[in-house]
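In what follows, a single structure is set out as structure tokens and then discussed.
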Amino acid sequence: MLHSKAERAYLQQGFDAGLRSDGRGCHDWRPVEVALAQLPQASGSARCCVGGTEVLVSVKAEVRTPTEEAPGCGGIQLAVEVSPCAGLRLQGRGDEELGAELTRALERCLLSQANGAGGCLDLSALCIVAGKSCWVLCVDALVLSADGCVLDALSIAAKAALADTRIPLVEVTQADEDGDAELELDDDPTHAARLDTARVPVLVTVSQVGAALAVDLNAEEGACAGAALEVAVDARGRLCGATMRAHSAPLHPSSLQEMLGLAQRLGPRLLRELDRQIGQSAAAASVAMQE
Amino acid sequence: MEFVSPEGLRIDGRRPQELRALQCKFGVLSCCDGSALFQAGNTKVFAAVYGPRVADIRGQALHDRALIKCEYAHAAFSTGAARRRRGRSRKSTELAALVRGALEQTILVELLPRAQVEVCIQVLFADGGVTAACINAAMLAVADAGIPVRDMVAACGAGHLEAMPLLDLNHTEAATGGLEVCVALHPALDRVVLLQADAKASVDTLEAVTTLALQGCKAAAGAMREALLQHVRSLAARRGAI
Amino acid sequence: MQRDLDTLLSNSERNFILKALKEEQRIDGRRPFDYRKIQYQFPADEDGSATVQLGATRVMAVVTAALEAPFPDRPNEGSLRFNVELSPMASPAFEVGRPGEAALEAMRLLERALRDSRAVDLEALCVLVGQKVWHVRVDVHVLDHAGNLADAAGLAALAALMAFRRPEASVAPGGGGGGGGERGAVTLHAPDVREPLPLSLHHLPLAVTFGLFEGGEAVVLDPSLKEAAAAAGMLTVIATTHGEVCALHKPGGIGISLSQTMRLVRVACAKAAEVAEGLRAALRGHETARVARRVCRRGAQGADAGALLDDAAGAVAVVPGLGDPGRAAAAAGGAHLDALAGSSGARNGSGGALEPGGMDSSDAEEGSRTSARPGEPRKLPRAGLVAAAAVVGGARARQGPSSLPEQAPGDNFEAIAAMIAGAAQGRPHSGDALDLQAAVKPKSGKRAKVRKWQPLGT
């Protein structure tokens, strides 16, 4: 997006005075809206809107053979796609590159390692028969509309979609010594295992605009931001990871501390709001199911 | 497999000549000049329009009319089955070209010389009739963006299963590989803008199925028109004009 | 430079085209529903390559096949892929590098015509389920673009697929049927040992393109480059020879009414049958030439005569059998010698008139009495079988022709040699041999090849 110098100066001076063009303070989010169960074909899904940013995450559980390194664990596969509708003005490969960048960032947040070991989800719970079969969660995210703060929205939607995920109960019959065990899936949606997502963090992107620190920059504000730090914070305010955004401006170590501290303070607040909305949405869904 | 039960009902409970429930929403995305969501049964397609504005690449601008660009993508989770291959396949390029072809005939391009209109289409869920849904979604988004058009373009598919023409096939019905036709129509001008037929069929069958698809187009056009009018009314009400 | 002018049409040229069209005249002198002249070329030394010339548009298609593992979701089917190259050689509008939208459109049209309509029997390409299938690839190169690429590309691809022969592959017993752990080994037979097989085509889909003018009221068939530039829209119908439609393609362009569309579809069906007739005739010519070449090659290696003649009958019977079962059955009786005769005629460049079916059953019996033609008597029932197979549409028209005569190979060798030499020298064996003699005018350079057999025969 193109901005004149005057526009940038206007925004920057606003941040210095603690004012933003839409009336928020520096540490406020735009309204965050989360809705669960958006896609009937997925095991779990969620849509998250943060202002004009809209993302959609689908989780599909598939039965596969576990890897040799971790025979007793399931797995998670992440992929982020950027829709051409998102208006990122990036044509052709641009969308793919951005998608890959977002995928890596989200992977770092949800899985500490590529296979998910040591991450925030208990992958051993996804195991069905050790060494034979396990659940693999295919997490596909789609950025429908991008107006800043895309990564934060993605992490919120991913957490909500994982919370919404129902994994069918599996009955293992005739697990012989060498013969393949037969799996029987229970397709009753009310009888399904849920994932424990209490420890799943969200990403809070803290940006430096002028001298001030701010969260949830929209596309306009993002254009005049300096350094940006992506911080993964869990519900108790513990740091789960921090990465400097690609193409970020350099950062002074002293402001690093300050940024991490801000994320640690704001993250739990965001998570409480998220949990409230997930609970509401789940309650509405269960009421609908009973009816 | 039986596609039409003895009672004359299809696998999703419709009559042979019945459309799925259509749903149109406008202004669903915030960062574009016009956007729409078109839903036919489970098939769900987003469209966003950027423009008209100065052409991105100067050399591509046309001196006597607007340049229409079209981008198509489907989400990784758009099919219920196994994960699809990413990236642009031949089919998605073809689909984008089809939508562009239909829009070039619909938008009054000669009123917007040297300009560019970009239409982006995102399929969220594909349950048959994707081409038609893409065209309809694009049309609604163009209308939402306030771009002048010659006539509304409405598309609908039809097929031929068990010696019977069926309107608006869903994925299960289309997967049999029988004849499937997709028609886009200018309802007021009564002109066929786009016609795609696949699989082998006799001319008479083709004519019967195409005629049915045309009726479907007219029904879809009616529903789209109604939704559009309602949207305009609500906009006017919000601005205090009514 | 010239081409740029072609694609960018001046207003006066456009008006001229439109005005002429109102009087049902076209700038190249055709009537609205005329095709330009269609010519086919099949290279002599290669099966599965064809060049089609449609007026000045020239398209080459090459078919190649590889024996590889099938796709996991289709374990018992081969595959068919198309690739269209629009090189700048054909038109300066084309660019080097990744296939553009025009190339992709042409590719999809070929896919829809030949693969999605199931024209090619992909299951017949399976050799060993889940292990080895034929992956067939069709490369279409546009050599010169003078309008109507869709039809020319479709025709070239179809001609190449029809001319294509794949080597016969056999599976060692014990793999498929027994169900034991041991897998059958696949052996490929060299074309010299076993006759390569044609693809089995269920129908012949042909693309017929119309240019639409004047709100769809004026229509031309096979638009040239200038007409395409002036046209307001295009409609491509992919029709079979039996009046069936495989696909319709109307990518944008002006809208037309349904009744007009259906009228054009019917015209397209009739035109497709006409074009297919020309294509079949061209292929028959190619086939006889091919058989003739093989007679020389195989004769030289001392292959048995029965197999050879069978091949001739089989190959010819399969081609007409694709579209016209009745004729296949009728032709099968006399096809074998017909083919031979035609081939030597074609080889010598005379292409003289041949009376078809020169051999009837009494001739055959007469022939069987002469020791010089040992393969002849068993040929007839075999040819009948071939015809039957062709009618059913089976891929394997011939079942293992190799195990034939009881005689020593040397005898066969002489028998063939005697026959061919007889034909060349004009020594009368029977009625059909006389026909052969009439067909052969020993004056071209290739006569040397024929002469080579003379001393052997005498």
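All chains are identified by letter, namely A, B and C, in their written order; residue positions are counted from 1 within each chain.
Assume contacts are C-beta pairs under 8 Å (C-beta built on N, C-alpha and C of every residue); 3 or more make two chains touch, one makes a residue touch a chain.
By chain, with names taken from UniProt: A = Ribosomal RNA-processing protein 42; B = Exoribonuclease phosphorolytic domain-containing protein.
In this text, all values refer to a predicted model and were calculated from it rather than measured experimentally.
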| Any chains in contact with both chain A and chain B? | none
| field | Chain whose Cα mean lies nearest the overall Cα mean | value | B
| So how far apart, in whole Å, are chain A and chain B when each is placed at the average of its C-alpha atoms? | 32
| said: Rounded to a whole Å, what is the gap between the Cα centroids of chain A and chain C? | reply: 57
| Taking each chain's centre as its mean C-alpha position, how far apart are chain B and chain C in Å? | 39
| field | Touching two or more other chains - residues of chain A | value | none
| field | In the complex, chain C residues that touch chain B | value | 101, 104-105, 107-108, 111-112, 116-118, 203, 216, 235, 240, 243-258, 261-262, 265-266, 269
| remark: Per the touch rule above, chain B residues touching chain A in the complex are 29-32, 35, 42, 46-48, 50, 56, 71-73, 75-77, 80, 83, 86-87, 120-122, 124-125
| message | Which stretch or stretches of chain B touch chain C in the complex? | response | 90-91, 93-94, 97-98, 100-102, 104-105, 177, 181, 185-186, 189-203, 206-207, 210-211, 214
| note | chain A contacts chain B in the complex at 39-42, 45, 51-52, 54, 56, 58, 60, 79, 81, 83-87, 91, 95-96, 138, 140, 142, 144-147, 219
